[in-house]
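After this come two complexes, each holding chain A, first together with chain B and then together with chain C.
For the complex of A and B:
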């Protein structure tokens, strides 16, 4: 009997956690499917009476309700994809090379370099924000994709290197040793042996860096003053409370900003979890 | 070192550590070239990473330290013609009435309420509860929590702002269960932001603890049970000691994450009302970009860096002890 109470208590607790976690997201989703009049009516509706998709269409400039500012949102979606994707590719290539060298090769000042990179893993990055803005202005990288991608890459590099370093260290040495005995060069060993068997780790690092880029706010805010490079997160924050775009359309844009991480998490859950574990306690 | 490093390297390393110049003549040129190339390969592979990290993190970081010793402002004559004024910014920061002490206390409150209770403790309880659940349940609940964590911070802030502000859903809901009608962001700004940060960040601690808990051998727990230990004793005397390192790593990482957190509080309360939620990171931003005293703002950033450095040091030392950095000797 006591055991059964325990089981039900646990189920109730888990149900509560799910409800608690999903409610704010559900609320935004619900609002994004309403007309503006319905969203503002009191008491609040917990379920859109007649779900509509015109808010999403308006985001992409379709339909009579499409406001001027919607073009800015569509552009910002392109921007966030380019910036997160670009930062992911750059970080991945550079961090993999570095991590492999740290894990497998010997060279001068290796320890020093390793600790320089690892030491920045826990740096409060926005402590560098003030001088960074001045430097980026001086070299003309403000309001450019390249500038944002480089800054993201520098911030994500330590974590990506650290995950990949642990991935390479965990590879069974025998496989690479066998390749060396067969006469493989360093490059072949890296390219044809180590990389292919590290694919899960590489995938995890890729997803995590992409999602890190997706969530950025303060750096792109400071580094882009025009809509040409502002990502979705920055544009959404600017729309909030300004009433230039109906509240329901802003909710639709927020749902898009949530949907990408959500889809990735449900599809690629295992890799994300393994990457996070490898990046923290390994 | 049992791990494979570079084959053929072990023979050569003695030479490299000894008087290399005197011995090079004894090596055949081909072998020497191969070794030099190997050395260069390592440096070349690391170089791009170092350049990016040093240019966009290291260099601004040095400037943060330098600017904190000047009187630079955003506008006015000192924007371009700034002077070194020694430690005056720091003296002002640590003088009474600067607001720094209040900010540090608020940051500690935020740490305690949202990181230690809302994320670590809650994450642990959740991981422990779900230990005996089926894989499917664990995966679904885990995914949902991770999604909350990966919702862009600014969007999470916006959603919670909508729920807690005047006329917001949670305001209505809490009123319905008998809690006096109030605008939570104004009446309890620190509770509001702490709740939002707990909602957001519980996934990280949950994941670490789930992984560590599933590594605890079942026989150990069964043995304790046979010896008559109740659930609480099993947890306290068997499970928690085994999780000591994980707990330490989790605490250090969420401490750093929470101390460095800016966006959530900035977007939800802006540090207000007044200065009642002005945690360190928001304090820094206010000084630099609201009162336009750039240099003074960087000085408070340095204080934050120093606090963060202590925790980073603990983290890296823990990793080393654990043997995760065992090449580095």
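For the complex of A and C:
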């Protein structure tokens, strides 16, 4: 009997965990499918009586509410994909090369370089925000994709290097040694042996870096003053901050920003977990 | 932190060949590390040095020219009541952020530790808030907290906990901070949960069996075995929560805008620098926050991070 109660208490607790994790997203989705009148009903409706899609259409300039709602959402979606995708690719290439050298090669200044890179892992946004803005202004990279991608990538590199470093260290050395005995050069050893067997680790690093880029806010807020480079996060905050766009439409925009991370989490969560663990416990 | 690995054995290659090989491999190593170092030096360390120097400069496009100001920026910061309030507020953010994240992360981790049907899906659901942008979370929670149509008001009123709809954020300091912090806690709890789960997996089953044989109750098992063993994981989770809550910005920006009720040091830095154009004071705040962040994270690690041996 007591065991029974324990089992049910555990189930109820897990249900609460699910409710806590999912409710805010569900609520945004629910609101985004409502008419403005229904969203403002009290008590609140927990299921849209007749789901509508006009809030989403309004964001892309269709329908009566379009003029004030369409704040360059379409462009900002392109921007956020280009910026987080570009930063991911640049980070991966640079961090993987460095991580392999630190994990497998011998060179004199290794310790010094390693701690310089890892040391920046503890630097908060504060340390670099204002100077990066001024540097980017001076070199004319404000309001450009390149400027944003360079800033993102330099911020993500220490973590990506650290994850990949642990991935390379965990590879069984026998495989690479066998390749060396077979006459493989250092380059071949890296390119043809180490890289292919590290694909899961690379995938984890890629997903985590992409999600980091997708979530950026203060850097693009400072580094882009026009719609040409503002990512979805910045445009969404502006949409909400103007207080003239109905909340149903703001929630529709939020759901668009949630969609890609949510799909990644549900399809690839095993790799995300691996990456997070490799990046923090050591 | 672990030492970088020293690499491979040379096998049975002749000495001369090995030397030629190691020179080539050393050149290759520098080539592989160079891009990473250039990025880190140019876009992380150089800016940090600039922040450190410019915190002692008068830099204000409105009142040029720029000149050395000694501790002028710092005295200005400490005599500004709005900035002092943001210090106090950030203390609350850290307290709520670290406390709630550690408690929730431990609870979630313990609940999800054992295998059950559908555990994979539940884990994915638990991770979801971590993967979402802070701004988006601020936006969807601000609709939940909405004073006129929000679901929180609706639920509390249906439960007769409120007699009428309320303004949750913007009037009372602690309440505004707690509710804003809760949005960040929602985002970073998954990280703590995963770290706790990872540490739990490392506990040998014999420890639990031994405790059961000795007749320990579930609370004793948690207190005497589980909690001490997951300490390193919890330490990392606490440090991550500490750094993130010291740097809280997105949620504050969306839920609180420029109001000082629940302002954070980061939001203050942003508004002073990019709206008030007082770069010197912005730099000084940044330097303070950087030093505090680095010192506190190292200190916390030292305090609670102890290697567990069985």
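Quick notes on this structure:
Here, the second predicted complex is superposed on the first by the 271 of 282 C-alpha atoms of A that agree within 3 Å, B and C clash if a C-alpha of one lies under 4 Å from a C-alpha of the other, contacts with A are read in each partner's own complex, and residues count from 1 in each chain.
Note that a contact is a pair of C-beta atoms (placed from the backbone, for glycine too) under 8 Å apart; a residue touches a chain by one contact, two chains touch by 3 or more.
Computed from a predicted structure; not experimentally measured.
Per the definitions stated earlier, placing chain B and chain C onto a shared chain A by superposition produces a clash between them. After overlaying the two complexes on the shared chain, residue contacts for A:110 are found with chain B and with chain C alike. Once the two complexes are laid over each other on the shared chain, residue contacts for A:100 go to chain B and to chain C alike. Within the superposed three-chain model, A:5 lies out of touch with both chain B and chain C [touch as defined at top]. Once the two complexes are overlaid on the shared chain, A:265 sits against chain B and chain C alike.
Legend: residue contacts after superposition of the two complexes on their common chain; A:47 is shown touching neither chain B nor chain C.
Applying the stated contact rule after C-alpha superposition, one finds that A:37 touches neither chain B nor chain C.
Legend: residue contacts after superposition of the two complexes on their common chain; A:130 is shown touching both chain B and chain C. Of the two partner chains, chain B and chain C are each touched by A:173. Residues common to the contacts of chain A with chain B and with chain C across the two structures: 10, 13-14, 17-18, 20-22, 24-25, 27-28, 42-44, 94-95, 97-98, 100-108, 110-111, 113-114, 116-118, 120, 122-132, 134-135, 150-151, 153-155, 157-158, 161, 169, 173, 176-177, 180, 186, 211, 214-218, 233-234, 236-237, 240, 254, 257-258, 261-262, 264-266, 269, 272-273, 276-277, 280-282. Of all the residues in chain A, the ones that touch chain B in their complex are 10, 13-14, 17-18, 20-22, 24-25, 27-28, 42-44, 90, 94-95, 97-98, 100-108, 110-111, 113-132, 134-135, 150-151, 153-155, 157-158, 161, 166, 169, 173, 176-177, 180, 186, 211, 214-218, 232-234, 236-237, 240, 254, 257-258, 261-262, 264-266, 269, 272-273, 276-277, 280-282. Taken together, the chain A residues at the contact with chain C in this complex read 10, 13-14, 17-18, 20-22, 24-25, 27-28, 31, 39-40, 42-44, 93-95, 97-98, 100-108, 110-111, 113-114, 116-118, 120, 122-135, 150-151, 153-155, 157-158, 161, 165, 169, 173, 176-177, 180-181, 186-187, 211, 214-218, 222, 233-234, 236-237, 240-241, 247, 250-251, 254, 257-258, 261-262, 264-266, 269, 272-273, 276-277, 280-282. Residues 1-9, 11, 22, 24-26, 28-30, 32-33, 35-37, 39-48, 50-51, 54, 108, 111-112, 116, 120, 122-129, 131-144, 146, 148-151, 153-155, 157-158, 165, 186, 190-191, 194-195, 198-199, 232-233, 236, 240, 243, 246-247, 249-250, 253-254, 257, 266, 269-270, 273-274, 279, 282-283, 285-287, 289-290, 293-294, 297-298 of chain C touch chain A in their complex. Residues 3-7, 9, 13, 38-43, 45-46, 48-50, 52-61, 63-64, 67, 126, 129-130, 132-133, 137, 139, 141-148, 150-156, 158-163, 167, 169, 172, 199, 204, 207-208, 211-212, 245-246, 249-250, 253, 256, 259-260, 262-263, 266-267, 281, 284, 288, 294, 297-298, 301-302, 304-305, 308, 311-312, 315-316, 324, 327-328 of chain B are the ones touching chain A in the complex.
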